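Paired with subunit B in one complex and with subunit C in the other, subunit A is shared by the two complexes that follow.
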Partner chain A sequence: MNFYEKLADIFEEDVTDETILKDLDSYDSLSILSIIAMCDKDYHITVTASEIRALDTVGDLKAFIESRK
Partner chain B sequence: MEKLYTLVTGAVSEIGQNVCKKIAANSPLILQGRDFDKLSRFKESLPESKDHLVWQYDFINADNLCFDTASFIESNNIHIKNVVHIAGIAEFFPAHLLNRQNIKTSFDVNFYSILDILSVLAKKKYKSFLNSIVLISSVSVHSASGKGMAAYTSSKAAMEIYAKSIAAEIAPARINSIALGGIKVNKNDGISKSLDSNISSYPLGIGMPDNAADMVSFLLSDNSSWITGQTFIVDGGYSVCKK
Partner chain C sequence: MAVSQFNHVKISGIEYVVPNNICRNVDDYLHFFDNNPKKLQRAKKIIGYGTRYSAPEGVTASDICEYAANTLLSKINMDNKSIDVLIFVSQSPDYFAPPSSQVLHKKLQLSESCAVFDVTQGCTGYVYGLWLASSLIESGAAKIVLLCAGDNTYIDPEFEQKGKSLLFSDAASATLLEYSEDIVKSHYYIGSKGEGYESIIFPAGRNRLPVSEKILKTVITDKDGNKWKLHEGFMDGLAVFDFTMNTVPEHIAGLMQSSKYSIDDIDFFAIHQANKQIVKTVAEKAGIPESKYSVETFSKYGNHGGISCLSNLIDIYADNIKNKMQKVALISYGTGLSWASAVLDIGNIYCSGIQLTHFEPERNHNEEFEYWVNKISNYSASK
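Here is the complex of A and B:
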């Protein structure tokens, strides 16, 4: 599964780089924890909830993960 | 006479190391874990280090665990009197992504591992050597659990009820569970950091690995000789504190 498919699984809707995270229906503490778990398990990086909350779009999230790898 | 060993699963986890240090002088240990080098180094650091054995084994997809447990006992010509099951994995899945496939790792490590091992030790041939079995569970089975923790809590719950249910069958050996609250370990992933915000819910403060080891040591000792089939909540008061 690629990055976008994983996010689509977490949020139960399709996403693109332009998707604004906070506009997603199921953007909440649970989906943020899911992203943290994804970062840990699939990308082997440690991120915090406040770092994720500070991000605007899916593209920002992708760039953030890349920058931590 | 053959030596009687205490098997410790997850021996090089932080809680595992504390438990081993506390009980190493009382009984030779079998140190189970996945990382051979780490296990070997840890073995050397223990009192009576020559007496202990290393069992490098991965419980994930361990379809031959029953056979391998028996082989380990036979090939080392030993017997097992105590088991401390510390190996555990906490995988995070929201309900809509948790299914039969991805819950398997949690059940493999947390529950099926001890199930297989005890199926061997409960056989006539080994049962008479058994004394005390201690399983590490979690307070999140008994009070509020965080979102996304269902894989972890359901596997631990299965383990606790299993222990209670076999207590009569394995007597006079004893089996008990310890439902631990948050223990301060060095693991520093994002999820652990999010959980740190819970510290104020612990009237006695966050737990130290020693708090777990003290209870394990009590349940292995003769001081608990009339206790079996129970779960003990050791959580610094977390479960009785209003969040």
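Here is the complex of A and C:
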């Protein structure tokens, strides 16, 4: 699965770089938890909940993960 | 860093009891998920919500421990009078004072030469209890120690919270530890991060903020819409998740390094069942293969607080430790924030799996209230 497919799996709907995270129906503590787990398992980076919460869009999340690799 | 190695302490038996008077299933709690079945299914998939059990009103962790201890001692033919020390580990004691260990001392009819004390420890309670018991035995201060550990969560029927009703469940245990002439190895690795003490906390109810009418009446709604009462506990779930993700895998590496064992040497890792996602992520990050740990106990029984790593061991691995010597790691973390883990040589012991048991209270809350009003109003030192 690529990055967008993984996020679609977490949020149970399709996303693009422009998607605003907080506008997603299933953006909640469960999805933040799943993103943290995904970062760890698939990208081998450790991120915190507050770092994820500070991001606006899917594109920001992608750039954030790239910057930490 | 508290790192300890013991060579002459054996575990002779473990009894694990779950009160099954009240059984809750996540499927009956659709209202916690905005009445949206999709949200409920998603939470089940990620968190692993399932079945939860509770004791009836008026039955406490010490009552369940009493039953577990009596069953254990009779099954292994141990005379209650030969216990040197009783340790009661719980976050849900019967009273402010006296310690519940004194109540158990009476109910279990232990010897007057037996030392008893309580340990108020959260999620790491069971490992702390084993560590203390082992220290007493290895130092020669005691030969036989009975460790009673368990928690019960009182759920106010008028104020059900998602966390309390669906994460936590009641259970208690009794473990007998004895001096062994033969070498039996155990290794402990314990640490603390007091900085995070507000992450899992009951802000009111003790001396910092005693219960008052104002406290009882105040319901606080957080930004996510969850409701809290100060005397019923608060948890910053994501802070706890950050802690477990960052600290616990490192802690497991520290346990392995200090004990000089490799993950290959360990037969089973019994990991504190905080929730499915946490256990899975911690285990993967620590490099524990799937065949050596399990997330199933959380769905079947929920989080048992201080004995939630023991619940996993007994649920998944009881048959193995009953019949042969095994090298088992207990991994616990949580309230404090704290972490405590052990590698134990354990085997050929009495252990009958998780016992679902029906309990009858001696007195319900109202009867308890009447009991004390009567007792004190009839008291006189002079008449």
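Odds and ends about this structure:
In this text, the second predicted complex is superposed on the first by the 69 of 69 C-alpha atoms of A that agree within 3 Å, B and C clash if a C-alpha of one lies under 4 Å from a C-alpha of the other, contacts with A are read in each partner's own complex, and residues count from 1 in each chain.
Keep in mind that, in the parts below, a residue touches a chain if its C-beta (ideal position, glycine included) is under 8 Å from a C-beta of that chain, and two chains touch if they have at least 3 such contacts.
As the structure is a computational prediction, the values presented were derived from the model and not from experiment.
Contact with subunit B, but none with subunit C, is seen for A:Asp9 once the two complexes are overlaid on the shared chain.
Judged by the touch definition given at the top, the superposed model places A:Ser34 against both subunit B and subunit C.
With both structures placed on the common chain, the touch criterion links A:Ile20 to neither subunit B nor subunit C. In the superposition on chain A, A:Thr46 makes contact with both subunit B and subunit C. Judged by the touch definition given at the top, the superposed model places A:Ala63 against neither subunit B nor subunit C. Looking at the shared chain after the overlay, A:Ala54 reaches neither subunit B nor subunit C. Judged by the document's definition of touching, subunit A residues 12, 29-30, 33-34, 36-37, 40-41, 46, 48-49 lie at the interface with subunit B and also at the interface with subunit C.
Across the interface of their complex, subunit A is touched by residues 91-94, 96-97, 146-148, 188-191, 193-194 of subunit B.
Note for the complex: subunit C touches subunit A at residues 38-39, 42-43, 46-47, 224, 237-239, 241-242, 245-246, 277, 280-281, 284-285. Contacts from subunit A toward subunit C in the complex involve residues 12, 26, 28-30, 32-34, 36-37, 40-41, 46, 48-50, 53.
The touching residues of subunit A, counted against subunit B in their complex, run 9-10, 12, 29-31, 33-34, 36-37, 39-41, 46-49.
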